[in-house]
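Have a look at these structures, which come just after this line.
Two complexes follow with subunit A in common, the first pairing it with subunit B and the second with subunit C.
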Partner chain A sequence: MKVGIPKALLYYYYGPFWEILFEELGMEVVVSDDTNKKLINEGIKASVPEICVPIKIFIGHSIDLAKKNVDYIFVPRMVSIYKGEVFCPKFMGLPDMIRHGVEGMEDKILTCHIKSKNDDISDYRNYIDVAEKLKISHDKLKKACEVASEKWYRFREYNKKGHHILEAIDMVNNDIKLESIKKYDNDVKLGVLGYVYNMYDGFVNMNVIDKLKDLNVDFVTFDMLDENELRKYIDDMDKVLFWTFSNKLLGAGYKFFRENEVDGVIHITAFGCGPDSFLGKLFEIESDDTKVPFMTIRVDEHTGENHLQTRIEAFVDMIRRKKAKAVMGG
Partner chain B sequence: MVKAYIGIDVGSVSTNIIALDEDNEVLFKLYERTNGQPLETIKKGLKKLRDELGKNIIVSGVGTTGSGRQLAGVMIGADIIKNEITAHAVATVHYVPDVRTIFEIGGQDSKIILIKDQMVVDFAMNTVCAAGTGSFLDHQAERLGIPIEEFGKLALTSKNDVRIAGRCTVFAESDMIAKQQYGFSKADIIKGLCNALVRNYINNLGRGKKLEPPYVFQGGVAANIGIKAAFEREVGHEVIVPKYYNVMGAIGAALLAKEAVKEKGKTNFRGFDSLKTNFVPSSFICTGCSNMCEVIKVEMDGTPIAMWGDRCGMWTEKVKQAM
Partner chain C sequence: MKVTFPYMGTVIIYKKLLELLGHEVIVPPRPSQRTIDLGVKYSPEFACFPFKVIMGSYIEACEMGVDTIVTSGGHGPCRAGFYGEIHKRILHRMGYDVDVIIFDAINRDKDKFMENVRKIKGKNSWIKLSKAVKFTYDLLKQIDVFDKEIHRIKPYEEVPGSTYKAWQEIQKEFDLAYDKKQLKKAVERSREIINSIRLKKVDEREKIRIGIVGEIFVVMEPSINMEIERILGELGCEVERSQYLSEWVDFNLVPSFLKKTHEEEVLKKGEKYIEIIIGGHAKQTVGFIVDFKDRGFDGVIHLMPFACLPELVSQSIIPKISKEHDIPVLTLSIDEQTGKANNLTRIEAFIDLIRNKKLGKFVV
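Coming up: the complex of A and B.
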């Protein structure tokens, strides 16, 4: 039996868990291709026009998998991974949106409710619906979850030692041993804030990671921080946001701004993202208060690459020029 | 013989060339229409520079900026190839050190740059809509039968407020015709047009941004005193138009080139003779994957010397390695 996993949305956070889970359940796992123009165009065609581009991309990946003749496409219903907080409604309604909105998907969607107290979503009870559909015993499911969980924790450990998510996934998959915490030696270090699917999908953000590398810039992301650090600066707020990953970004952002450990902060956001309209404003206010430079990069299916290149270049340039001036005592 | 630093700004409408001396004084200034032929325009401009200054200067650094910066940079051996935001900001900060807001309106695009402590803190660019740019004004001046040079002066003579829809060139035009039929004078209509352009610019580019003085207005359109006055009305404050308002990008590129050469010790300038070399730009659609990138290739005497536009970097790398 072939189970397809779309390389989109939370694949960039839970992919290492889900891949092993289905392998351990005895499935042949098929991951969709990297996002590309053809795939994104098919996603756009099959989606309602006003939805955000990450969802359109997810739908494109699902279509890609359907073409690869998988028996099922895994589309979990992400409900909550933190007490009192939820996911964006589009995540909660994703299986329904695809089942009823995209042609030919009705019998292909394999789904389950994910509800958890924290980031660890390896509790087998989350996947009982999946096991039942695949006619797998609870014992086998439990074991598979344990094995997958072990790998996921390893991935997170690498990630938290300063390797970004794509590097960490690569390290786990190739069994590379981790020597030590990643060292930063460039003269400019940025905090880059964005949901994993905007940050690590090189197509939608036009290879922001490579562009930063070409400019010899180091960067830190929210996923490199431990949960305690992420909550440190938002715990004393009267009210946090409704959405867990937004709160993670907020906590990371506050840390970057206030602890003076980065030279600037870039927020990568998808056009039309509701939660990010709050986040963006909160970051703006924080930037004014702390005097740490801040820039928003808004991506959608029409983003021009020259424009993005110019913006990033200009941002990094000015940080470098300011630093050089400070050194010269100007 | 004096040291000279050349800055070249290759834009869609104009190509500007500047030469600065060691004290950043302008030795040479050229504002030339690109006419869709950046290579020819650069060659012609540099020839002019050589004819005027050639015997008295040693070219000690070259910088390029603008949308054609890559091509120009490869062609003449630039020491620095910089985006236009940085280039404009560097030049403005040089002339108005405490500037906070830069309004830049060129032929086909416009930008707003916010500066704090001489550092760009925010910016926006308009790339699709021409309603707030020079070509819109050109077109309207022509329609009203007024030379573009007179346009601004005439606006200042108006005593009435006429509101012209500025959202879109098409609506602005039909609105203007209607207002003409109501009997408003040309001066009134032009003033209304200036206000509409500025309103549109601020709404598009300045949305959600706090605009603080000192304000500097530059780019080709800054020649228009009617627009300058409209900006002053809109922000309620004096707006400075720097002396070299229409070549600020090129000046920034020259300043940056000087800096770059100081750091590395020598210039990469290929020399004026290199202009005789035959450069041929071309483009093709790469079919390596389903991204179908349009890859730009520049050949010098038949050998590819630069490629860009590929998302994966395959072609870019190939040329770099071969060089």
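Coming up: the complex of A and C.
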């Protein structure tokens, strides 16, 4: 049986786990193509106009999988991965939205509720609905979860050692040893904040990562930091945001702004992102207070990339000049 | 303490409660173009529309000298639960020294909740507080009865505008009531006012009933939803909303063993389409569409603020519900763009379609 996994949204965080999970369950796993123009357009056509780009892309990937004749498309309902916190409503209603909103999907959706106390979502009880639909015994499911979990932890370990997610996935898949990748040591270091699906989908962000590398800039993302460390920075707030990944970004952002570890901060957000409308404001306030340069890049389904190139170059130039001035001025 | 609150729906309710506790209450002006402009200017660009309107409202209230804002919080997943936190930060950065009291669910942080209650309670006794709450609740229940009735009879008034005039008078009556006796009198007076409206006789088969569903703020606050109930009334439709303040209170604040609300039934009807509560009123929205159909309504208008997170999920599913239950639904997304003509045209066309469909049924 073929199970399709859309290469969108949290694929960039949990993909290494889900892929192995379904392989271990004896399924043929099909991952959708990299995001491309055609795929995005299909997604746009099938979704309501106002919804954010990442969801449109996810729907595009689901359609892509349906065309690849998979038996099921895996669309988990992400409910919570931290006590008292939840996901954005669109994640919580994602299976509903696709099942009832996209034509021909009703019988294809394979879903389950994911609830966990922390980032580790490998508890087999999360996937019982899936196992039942695929007629797989609980024992087999349990074992598969263990195997997949082991690999996911390895992926996270590489990630936390400073390799960004795409590199870490690649390293895990090809069994590359940790030492064999060289470290960068540039004069400018940026904190780049963005959800994994905006950061690592090269199509939607027009290869921001490569652009930064071309400019000889080092960067840190939230996923390279330890979860518990991120929490430290938001613990003293009266009330934290409701969405776990937003809180991760908030923690990372506060760390970047307050610890003086980076020369500037870039926030990559998607058009129409609700949580980011508040998150971005909190960053703005923080940047005002700490005087650390801050820039917001908003990505959407448009694909002209010159403006992005210009803005990133200008931002980095500004930082380099500021640094040079500081040195000259003593 | 000069207190204000977010402007939504029949504002005399919040005013009443705070006044009964001896606070000086400043009611912000009804949201106007200026309110929206102010709100848009100082809010994050992609914040939802209710956030911006309330932002503007707070600024206007601050200009009037308010020093305390009382509002409700929440715990997601909808953004509305975080409004207060961001509003507070923005107001402080603008230089307004206001205290923002945010009421979150009691079971989350009991101490904080009680601290807030004490702030509001002031020097009043607990008995007085509970009496004030009970009285406001009764008043709210009564006024909602009239709110519903007004929009049911509006399309059949003989003298255009007489129903709305009556509604203004009724609100004034309630505004003047400060104890049980006065409330009883207000109810009697309001009943007389309603009875004095002359109505046309209309054949049952020609009546058109429209339900309004969607996000609570745009559904309840006429000044920002183009007074949609009035528009529909003038087009000859009876209107009922999915949200009334008293029902919100029943559902959210009254402990569950004391009640059996209609809303729970409605949520069950929505289960098939949205399995779990995903924040805001998305599940209620889909449930109410089915509920309105079951109760014989002819069509539903779905209102949502631009880019509202939960309502986008319901919007995605609505075409299917509409088809499966054979009920026309029109989604209107509301934002700071205040040109009415385009929405008016859509509403008129929608009602025309419903009317033709209905007539066609009887002719054939």
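Simple rule for what comes next: the second predicted complex is superposed on the first by the 323 of 330 C-alpha atoms of A that agree within 3 Å, B and C clash if a C-alpha of one lies under 4 Å from a C-alpha of the other, contacts with A are read in each partner's own complex, and residues count from 1 in each chain.
In this text, a residue touches a chain if its C-beta (ideal position, glycine included) is under 8 Å from a C-beta of that chain, and two chains touch if they have at least 3 such contacts.
Everything quoted here is computed from the prediction, not taken from an experiment.
With the C-alpha superposition on subunit A as described, subunit C and subunit B fit side by side in the combined arrangement. Judged by the touch definition given at the top, the superposed model places A:K325 against subunit B, while subunit C stays out of reach.
Of the two partner chains, neither subunit B nor subunit C is touched by A:M224. Between subunit B and subunit C, more residues of subunit A are touched by C.
Contact with neither subunit B nor subunit C is seen for A:L25 once the two complexes are overlaid on the shared chain.
Residue contacts after overlaying the shared chain place A:F315 against subunit B, while subunit C stays out of touching range. In the superposition on chain A, A:I266 contacts neither subunit B nor subunit C. Applying the stated contact rule after C-alpha superposition, one finds that A:M92 touches subunit C and leaves subunit B untouched. This overlay, made by fitting chain A, leaves subunit B and subunit C with a least C-alpha separation of 6 Å.
Comparing which residues of subunit A touch subunit B with which touch subunit C, the overlap is empty. Those residues of subunit B lying in contact with subunit A across their complex are 67, 82-86, 89-90, 117-123, 125, 127, 289-292, 311, 313.
On the subunit A side of its complex with subunit C, the touching residues are 47-48, 50-52, 77, 79, 84-90, 92-93, 95-97, 100-101, 113, 238-239, 241-243, 271-278, 280-282, 285. Against subunit A, the residues of subunit C that register as touching in their complex are 44-48, 73, 75-79, 81-82, 85-86, 89-90, 93, 102, 104, 108, 273-276, 278-280, 282, 306-310, 312-313, 315-317, 319-321, 333.
Residues of subunit A that touch subunit B in their complex: 36-39, 203, 206-207, 210, 293-295, 304-307, 309-311, 313-315, 317-319, 321-322, 325.
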